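Take this structure, written in structure tokens, and hold onto it; I'll ask about it next.
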């Protein structure tokens, strides 16, 4: 995607940290869950930036942090040229029009006591963008059609819909205000295979028609590969590798990315790929390992990995990786 | 292909749930065979009846409204459905055992790991507590768990999801069952942990020769783990056959649709293939082929009459009128 | 598995409002329906008790004291020859009034305390919950007795006592609901849309907490009727000649060695009324509680 | 576990402190002049002043509380205004009787309730369950003082087999203990049944059955064991209602315990005694709840190992 100089990038995130304090018991030591431990990236207009990682890697916290639904510990979030990191709830209110979210669980993310019309109309009413309730109704019908639902669905309650249809309702709600950035947090992981592809296609189609920018968060690497222009791989609150899609999937550099990619079962029963099986479990974000957080599970672990957290190594201007294997190389060159 | 002995044969199995809101036909007229030492994958979307098939074989309907209403499940020459509850209990956990999808909730939170595994041994083998504990330690070591001696005295909440699933596997295999039914054993796990568990199951199977029924919604897992596959849709089998054959050349449009609609690594397309529409409401089932309303190749007959199975030899069958060139199975 | 049967009903004709779903479930419960019918009768009796009663409640007749039940006096007569049936009938109004008055106030005040305590959290929540802990630390009736001991006997003071010791119950229930809902995904969704705290509280959380408030309302009415009867029985509630059921039982105590009917009928009235509200509460709970999303 | 215990006990002491403030304020909250109410309308001004001074009501509130607390910690609960004897001496003999009654009531009702609950819960839809549920519903709605009166009529007046009042022998305890435990038995039955049904729906029950365990083992070792955790909490919560109920039951059966003492003291306006009894009953309730929490922690390994 070409970034025009005139309009600023929809989203720039700089060294974002979110720590949750935890205290075990009354006299327990105060510790921190480092859900996000220094994350930086930017998303260009019209781009889909995919974030992939396993449970506990902080990808959902990232979504909540950018939407300012959790308290930031430090770092900057610049939305459409506006630094919103320190905005209060009331300062955020008008800004919320610009960021919209699609949630993972289509059952939990819609209020069961509201009709589809009320759900989709909620953003319109909150931000008072329609002049009359007739206009609201028209807009709701338009949105429902856009996501492939019928007019008559508007009067029904969410509990009457299947998972895929509910996700469409959620998407309609997120598009009501023409947002600058749509954060989709695992939007298809709760759906069945045949419904998943419908929703993925719908998201691509909407992006094309409405010139949307997505932050797409998922644990499924094939889904992320399909939908994203650029991809960031997260592990324990940090990015380990960020690259444009083709380069990442053709030439994964970080040992973790390599292991993730090799762990995906292929649907070709004849394909015999070399599989990297990572030992052990994902460590708790409370007691993250020293140095490179991945080192206890890494096949290429070197002494330095236990000591020092790796710096960003720029491989190409679009592909960078946080791994000592590549900083070493830099030094030699 | 070599003809091995069938260790399990399911014939015309129908299982219904009698709910307050009417009868739910969860499994309808399902037949399949499991060959000794092989792995059969049952694949389908949620609500397709794959888990209920497993529960029917195990006979685990207590406390639900479910009941097998028809069919035979033949294991070692005996129809399990004709046995008394007491006789089936003797088979459960000993000859046929099962692992479940949710490792977080499938273990009893208030009992120690060692206790939970050893009670199965004590139930089925005539051994004492200490001997049972030795077996527990051995099987846990086989599953690759670290510090086994202390884990036996720990509670489930002290273990991670992957570790719990290893415990579940140990529990299921401890009595050396002839058949292991694995119901979505890796669905709740992360990709790298899934890889560990699949690898473990493959190794344990090589060693013990247990026949496995592997239930999953993931075609990739089937391709990786199974010899034979059974594709289910709307409580019915749609296609069966050898995994290589089915994945190379799927006969049923539903199988084809499923395979086409998942994003595949390395394959970059603008648009994914989609199967239109939703799974039909069980109470408003279409008249003919259950897939016809969503099928891009549906013909007039498909909406009128439900197709029978057409057999293509070597275990390959398809429930589709397009395959009527095969031999019709009654 | 059984859940899939309920999926995808958007295509089937009818619109299912939360109320229609509730009603469908409620209708299925026989005991609940019976209790609801009995409830309607109770309210009817409470309103028209003076018209329905065959005798005046303070119609003395010293020629027929302590008469067993007969065609003339269905429930017999008391020590002053008053018609027990009329007195028990009119007691309905007292018990229901005490129940509805006290619980309505408790429900409103307690729910709001719980709502704000749960939503605001922090020190406000800590203080409110510590206070409610203290009230909780007094065993049920003892607190009511203590309050009446301070304020002096009388029905008004009974109502006050019930209000004080039931507020923490409502506050806790609504607070628990609020905390759950506050962290639910759909509230998070509403926050991400920019909904104001007032909108989140009154459009999303309050309706979500309402089912448990309704259930608790019904159960609390039976509880407060029981408390008021107990206090009157101990001589701390209604004063003679009010035909309060507990007071009737208290008067009947000394006659238990000679005749059963005097103690029988007031107690039966308490029992059936409490039973009615308990069963109603149970039926409401099973119709409302399993989350509306799982319909 | 230790940390949990300490935390629980500390918070119980905190609650007790607040409870003591409430109990302390009790006399001070009585509208008008409590001393005047105690000594009676026709007592002289002199007497009123004397009593006021004796009770320390003329000092600042904080000082009063300090003196009162100090007394309590030294085992001095004050002096009964009516009898002139120390409150502690008045309470002690009655206290033992109430404890005995409460222990008998709670024992039979909890054991029977659990058995009935499991019996009912494992026979859902059959007559056993309808029987259990009907008894439960009735037991929770029936006023204890009414049941007491009916029992007196049947067993004392008609059959003449059991004493209807006093606490002379074990026979005299049967009717009050039965009455007192009714509601608790119903509550325990109900919660055992529902939480057993709840835990029988859990995945680990399916696992237990898949292991081929006997149904008896599945229900008691896996189902009941887990449901016990919530049943214990409910028992603790309802113990308070039972203590409160003891007032009614002791009244009905003229049982010489602290419950009937409380009622008569209120009638006699012996506020010092009332105050002491309120404090005592609440203290029991608070510390029984600590005990319940400990049992809860023992049953629940997740807390035990925290």
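For reference, chains read A, B, C and D in written order, and residue numbers begin at 1 within each chain.
By our rule, a residue touches a chain if its C-beta (ideal position, glycine included) is under 8 Å from a C-beta of that chain, and two chains touch if they have at least 3 such contacts.
All values reported here derive from a predicted model rather than from experimental measurement.
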item	value
Subunit D and subunit A - chains in contact with each	B, C
Chain pair with the higher count of C-beta pairs in contact (B-D, A-B)	A-B
Distance from the mean Cα position of subunit B to that of subunit A, given in whole angstrom	33
Centre distance in Å when subunit B and subunit C are each reduced to the mean of their C-alpha atoms	50
Whole-Å gap between the CA centroids of subunit C and subunit D	22
Overlap residues in subunit A, where contacts from two or more other chains coincide	162, 165
Residues of subunit B touching at least two other chains	46, 278-279
Interface hub residues of subunit C, defined as touching at least two other chains	7-9
Subunit B residues within the subunit D interface of the complex	58, 60, 62-63, 89-94, 97-98, 100, 102, 105-111, 119-120, 123-124, 155, 157-158, 168, 171-172
Of subunit D, residues touching subunit C in the complex	14-16, 18-19, 22, 26, 29-31, 137-138, 140-143, 145-146, 149-150, 152-153, 156-157, 239-245, 247-248, 251-252, 262-263, 266-267, 271, 274, 278, 281-282, 284-286
Partner subunit B, residues of subunit D touching it in the complex	200-215, 217, 221-222, 225-226, 229, 299-302, 305
Residues of subunit B defined as touching subunit A within the complex	45-46, 160, 162-163, 190-196, 198-199, 217-225, 243-244, 247-248, 257-259, 261-266, 268-276, 278-279, 294
Residues of subunit C touching subunit A in the complex	7-10, 15-18, 21, 184-186, 188-196, 199, 204, 207-208, 291-295
